[in-house]
Amino acid sequence: MSLPDIKGREAILKVHSREVKMGASVDLSVIARRTPGFSGADLANVINEAALLAARRNKEGVELPELEESIERVMAGPQKKSSLMSEKEKKIVAYHECGHTLVAKLLPNTDPVHKVSIISRGHALGYTLQLPIDDKYLTSRTDITNRLAILLGGRCAEELTFAEITTGAADDLAKASSYALKMVTEFGMSDKIGPLALKKPTQEVFLGRDITQNAGYSERTAQLIDEEVKRLVMDAQAKATELLTSHKKILDDLAAKLFDREVLSGEEIDVILAASPA
Amino acid sequence: MSLPDIKGREAILKVHSREVKMGASVDLSVIARRTPGFSGADLANVINEAALLAARRNKEGVELPELEESIERVMAGPQKKSSLMSEKEKKIVAYHECGHTLVAKLLPNTDPVHKVSIISRGHALGYTLQLPIDDKYLTSRTDITNRLAILLGGRCAEELTFAEITTGAADDLAKASSYALKMVTEFGMSDKIGPLALKKPTQEVFLGRDITQNAGYSERTAQLIDEEVKRLVMDAQAKATELLTSHKKILDDLAAKLFDREVLSGEEIDVILAASPA
Amino acid sequence: MSLPDIKGREAILKVHSREVKMGASVDLSVIARRTPGFSGADLANVINEAALLAARRNKEGVELPELEESIERVMAGPQKKSSLMSEKEKKIVAYHECGHTLVAKLLPNTDPVHKVSIISRGHALGYTLQLPIDDKYLTSRTDITNRLAILLGGRCAEELTFAEITTGAADDLAKASSYALKMVTEFGMSDKIGPLALKKPTQEVFLGRDITQNAGYSERTAQLIDEEVKRLVMDAQAKATELLTSHKKILDDLAAKLFDREVLSGEEIDVILAASPA
Amino acid sequence: MSLPDIKGREAILKVHSREVKMGASVDLSVIARRTPGFSGADLANVINEAALLAARRNKEGVELPELEESIERVMAGPQKKSSLMSEKEKKIVAYHECGHTLVAKLLPNTDPVHKVSIISRGHALGYTLQLPIDDKYLTSRTDITNRLAILLGGRCAEELTFAEITTGAADDLAKASSYALKMVTEFGMSDKIGPLALKKPTQEVFLGRDITQNAGYSERTAQLIDEEVKRLVMDAQAKATELLTSHKKILDDLAAKLFDREVLSGEEIDVILAASPA
Amino acid sequence: MSLPDIKGREAILKVHSREVKMGASVDLSVIARRTPGFSGADLANVINEAALLAARRNKEGVELPELEESIERVMAGPQKKSSLMSEKEKKIVAYHECGHTLVAKLLPNTDPVHKVSIISRGHALGYTLQLPIDDKYLTSRTDITNRLAILLGGRCAEELTFAEITTGAADDLAKASSYALKMVTEFGMSDKIGPLALKKPTQEVFLGRDITQNAGYSERTAQLIDEEVKRLVMDAQAKATELLTSHKKILDDLAAKLFDREVLSGEEIDVILAASPA
Amino acid sequence: MSLPDIKGREAILKVHSREVKMGASVDLSVIARRTPGFSGADLANVINEAALLAARRNKEGVELPELEESIERVMAGPQKKSSLMSEKEKKIVAYHECGHTLVAKLLPNTDPVHKVSIISRGHALGYTLQLPIDDKYLTSRTDITNRLAILLGGRCAEELTFAEITTGAADDLAKASSYALKMVTEFGMSDKIGPLALKKPTQEVFLGRDITQNAGYSERTAQLIDEEVKRLVMDAQAKATELLTSHKKILDDLAAKLFDREVLSGEEIDVILAASPA
């Protein structure tokens, strides 16, 4: 909420690009539109990384390709030079990422998939970039439910294809569990819990003295929360499994192409989906 | 309780306006009457903000409009220059705020609605200003019960209209849950718990040593508290839903007008309600 | 227990009044008798406040009225200049305080009611002054049971008269709950718990290190404690309700007079009670 | 266990009395025999207090009476100058102390009662002095069981006589509960718990870091401990009640004499008991 | 994950061997291949230890034997000079280690066993060296399940052979329990718990203030986790027991040889297994 | 485990005896063999204490008797000069220690009893010295089970003989409970819990910040642990009782001799056992 909106981002980008030579092709309002959710510091990084890339490439000024590359870097860490995964692992990761991608494409009203990759960046073995079209001020129950299904999609694709699951989904599960918990305890999105905020009270700390407050609810409520969180994540898994099962051929096509090419753009994904019979 | 009452507020306003040129139209006793619940610091801010506004507007002295604007600023933060919400979001927020407003208008003996707005201020996407007529020293069970229904009204309006709920109600739910908890554990307003104070004992902290005391009640009592808190909030939701359902036409009229005009004053709200058939 | 007894108080009063001119009417042994429960610091305050009052009143020396006024100030905080409560609130507070007063008068062997007032002092909207006749070294089960009924009397009077309850009883409920807890866990005054001390062990803190000890009892015992505490407070409420219901006419008379006059002395209360038919 | 034994005490007394003039009547080995359970610091206090008393009494040297008086002071605090208890309170305290005394006399193999008093010392309104004959290295289950009955005797005497209980027993209950807990969790003296040590592990604190360890047992065990502790204290209460009921006449005689004389020595107690018919 | 991969290891080895004379036989890429899971500091140690060994052996440069010895040292601590275990203990340890080895050999797709030894190293009485062929980026449910069976194999071999268990398996049990817990709470590998992350939230600590968060799940969920962890470890024990029972003759042969020779290489193990009838 | 083994101990003893004149009779390898379980600091103390004893005895050098005395001192604290226990207490302690001794003698494969004594040392009223023959690297379930029975033997002997139990067994119970807990939660020696490590996770403390982790198991598991710990200790008590009951005559003989002589060597114990009819 305290992140800058599109106008704020454009203003921030302008400030940081004052002492950087920008190519004629660059329109900062376009960059502002492509960076919802970025903080001021993130935007400063985007400009700096782009300037470094342009220098390394002996360009006179920063052009769009450098800015696009640096946006991705800020989101997912620097690209690793070479992949050392085994073929088997690469194949699993390809299916995992295409699981996320395909569920995102099949569900209505989700953010567009910009890119899917199995080139490691930072800690991730692969990644699926979804960018929102606009800044968002409100998120609906359906939005979060879709997000859960997309997160589970990676693991479901692994399981459907290899009848085996791996440690690769740990991060997705942690995120999905955390979103589901917020639905239940902060957003009043579980009918069984009702329109209550059950968040544990934050601790006030004053002058080095910490004033702990016990949880504001009973064991029975804790149990109900657990059940609701589980139900939400299980539903998301069922949804993802259903979508991927009924579109298994497309999943195979996508994963094969991604295994081959290592990166697919949003446009390339659309072409593969359009070519598929379903 | 330790906030200044009306006489105290007038005295404080006088102190802070000594070195500010006040227009002839300004009667500080009127300002004191309109600021119940303000602290001394809040009142100082009101005078300062009003002086700044008058300077910006090249007025010779502070007049009523500057004071009214600055009272609002102190209550809800500075107004955002431009709304970047999508049309869809703006519509949801309009219904949400009108939900609060309409429940407040339909329940007897509630504080008058002074204004409703969908222009963002501070963190809020919209807000409904209710001002008490007098300073209050006692709050009855009915008063708090009504407050809960008004808080739930925003979310109920969203759900009735769009069959969807959003994260926009999180703050309302947190407030409602907290008031309901106080009814049950501090004010003896739950018949099942009885006239008991079950507040967790405050921790005494002495010379940097913190002396924690465990909760003064059992898991079974914690469970009973949870049930009562839930019942109070569910009842409030039922009440709000019932009122908004039986006055859905007025809600639609109000929300349409608010969507158009972005701000409605108490008088304008009254006109719309009077024009409605119910 | 470490408070001074009557002889100690007289000695302390003598020390602090050495440099204050005392009128001929003042007998410090009388003041000592009227201040059981006062600490040494409280007694020093009594003398100082009385000296200030005498100076403000241009008296040559401190007389009894100044000492009486200053005793009350030390007990309940300085009197507020003007009452800003609404008529409705003033009426509720009058009934609340008369509820305490009447239950205290109807129960045998309770401390005499010295005064009842609806002029705000400190945080309290009203107050009922009960002064013990003697210093007390032992408190019986009956004494505490009566104290609980008197505490609940305020809220019962509100409920009987207005069929509504308010936040005004929160302090009474907190005190009653705390006394009931001590009966059950420290004084062995619950037959279901038996002659056991179940107080949570105090934490020893040594050199900034805090050595927490878990509670010395099980959840089942915690539940039994909760039940007994609730039973004691519910019994007190039933007792207070019964007494006030069967003496509702006197309650109305008392409250009407208190609403009119804002303060009633012990003697005035006795007159009203004597005039009542019951 | 780390307290000095009889030889150690005699040695310590000798050290501290080197610079104090001792009368011919004084035999430090006798004093050592009368001070089992005293620490080195307690013994130093005994000598110092005795020297002060002798000086105040203008004696040339410390004699036995000063040493006896100072032993008592160290055990129970300085005697209060004057009793301010009401007659009623004095009577309750007399019965309370005689309850302790009579149960101690009626149970076999308990430490001899040296004195019983209703002159306040320190925080206590009265006290019963029991002195062991020898240093003790082992305490049997029967010893502790008797101790519990003696502790409960005070409250039982109050209840039998006045059909009322007071806050005066709070200290006895705390001690009895604590001894019973040790029987159950440290000494393996509960058949239901068996020969287990269930003491909560002590916390190790190192360099300002505190290393909490959770309790080593389950809620079910905590419940069993509670039941056993309660059973032990209830048994002690039943025993004390039975003894005092069947010797009520002696209790009345003892309490009457104590009320009159305020202090009774062991010999005087024996005379009253011998004179009683039972 | 933040450990260097094969290319990174080779680079690190090169850096650290700059000032060390390396024999012609040494190919650092081979050493890099044999040290998956080593940190940068581990690799530095490998070079240093090898240099020291070469110096002690009066070699002109480091050769492969010194590097192999130093890799083992870094993995399991320095070899103890002489074994002081009793014959009985040596026999138990031989069976224990062969239990690990045989289960690892009998399960498909496990890391190759490089060596098994009953010469103490560091704290371990014996050890079984399993080295992965490649760096691993993903671990499957089957991989971890196999790892559990291998860990349990030591204790199962002891029990099958001596009908007795010892404290020697404590470390294996701790590791197996910890892996099983991760399967259940982090990797979503328990069907009963489902694809949820149930890890206790890490505590945020800020400026010396510690902000504890209670566990994010209820007692019922804690119980389900316990059941699943137990099931996973019990299944592993059953698997290990089944494999060792049906290959008891080979286990005896392996253990006898290991008892004799104290160390067996991977090749020697293969020879024994090949010679066995099964 | 990090304690020195026999060779290590001999080396340490040599270092510490460099500047101490040793008699010709002293063979440090013998001392090393008699001190399994001693730390380096303990061994240094053995040498120092022996040197002091030799000096006090005006010997030219340390001889075997001084070393033996000092080994015992390091194990059980300095011998108290004189026993102040009553005859009754001395008799109880004699039976208690002989209970330990006799159970140890009757169970197969336990460490030899070197000495039994009722001369107080440190905090202990008596003690039974059991010395292992060899350093031990592995402890079996049977070893620990026997240890539990020996620990319970003291209390069982008291109970069988005097039909009374005392506080004297508190230390034995604490040790037995702690060993049993380790069997259940660390060594996988309870069939009901299975081969799991349930030890509470150690707390990591970093830079003064303490990072508490909740227990890794549920209340139901805690309950199961309690049951298993109790079963193990109850079984040990049953075993000890059975052995002592069926050898009561020998127990009486042993205790009578120990009461008389206050110390019995291993050889003397063997003579008494051999003389007994059983």
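Order of writing sets the labels: A, B, C, D, E and F. Residues in every chain begin at 1.
Throughout what follows, contacts are C-beta pairs under 8 Å (C-beta built on N, C-alpha and C of every residue); 3 or more make two chains touch, one makes a residue touch a chain.
Computed from a predicted model, the values in this text were never measured in an experiment.
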Superposition rotation for chain B onto chain C, Cα-based, multiple of 5°: 60
Distance between chain centroids, defined by C-alpha means - chain B, chain E (Å): 62
Inter-chain centre distance, chain B versus chain F - centres from mean C-alpha coordinates, in Å: 71
Chain centre separation in whole Å, for chain F relative to chain D (CA means): 36
Overlap residues in chain A, where contacts from two or more other chains coincide: 208, 210, 212, 214, 219
Contact graph of the chains (line, ring, star, complete, other): ring
Chain ring listed from chain A, with chain E in second place: A, E, F, D, C, B
List of chain B residues in touch with chain A within their complex: 82, 84-86, 89, 92-93, 123, 125, 152, 155, 164-170, 173-174, 176-178, 181, 200, 202-203, 205, 208, 210, 212, 214-215, 219, 222-223, 225-226, 229-230, 233-234, 237
Contact set on chain E toward chain A in their complex: 1-2, 5-7, 134-142, 186-189, 193-199, 208-214, 216-221
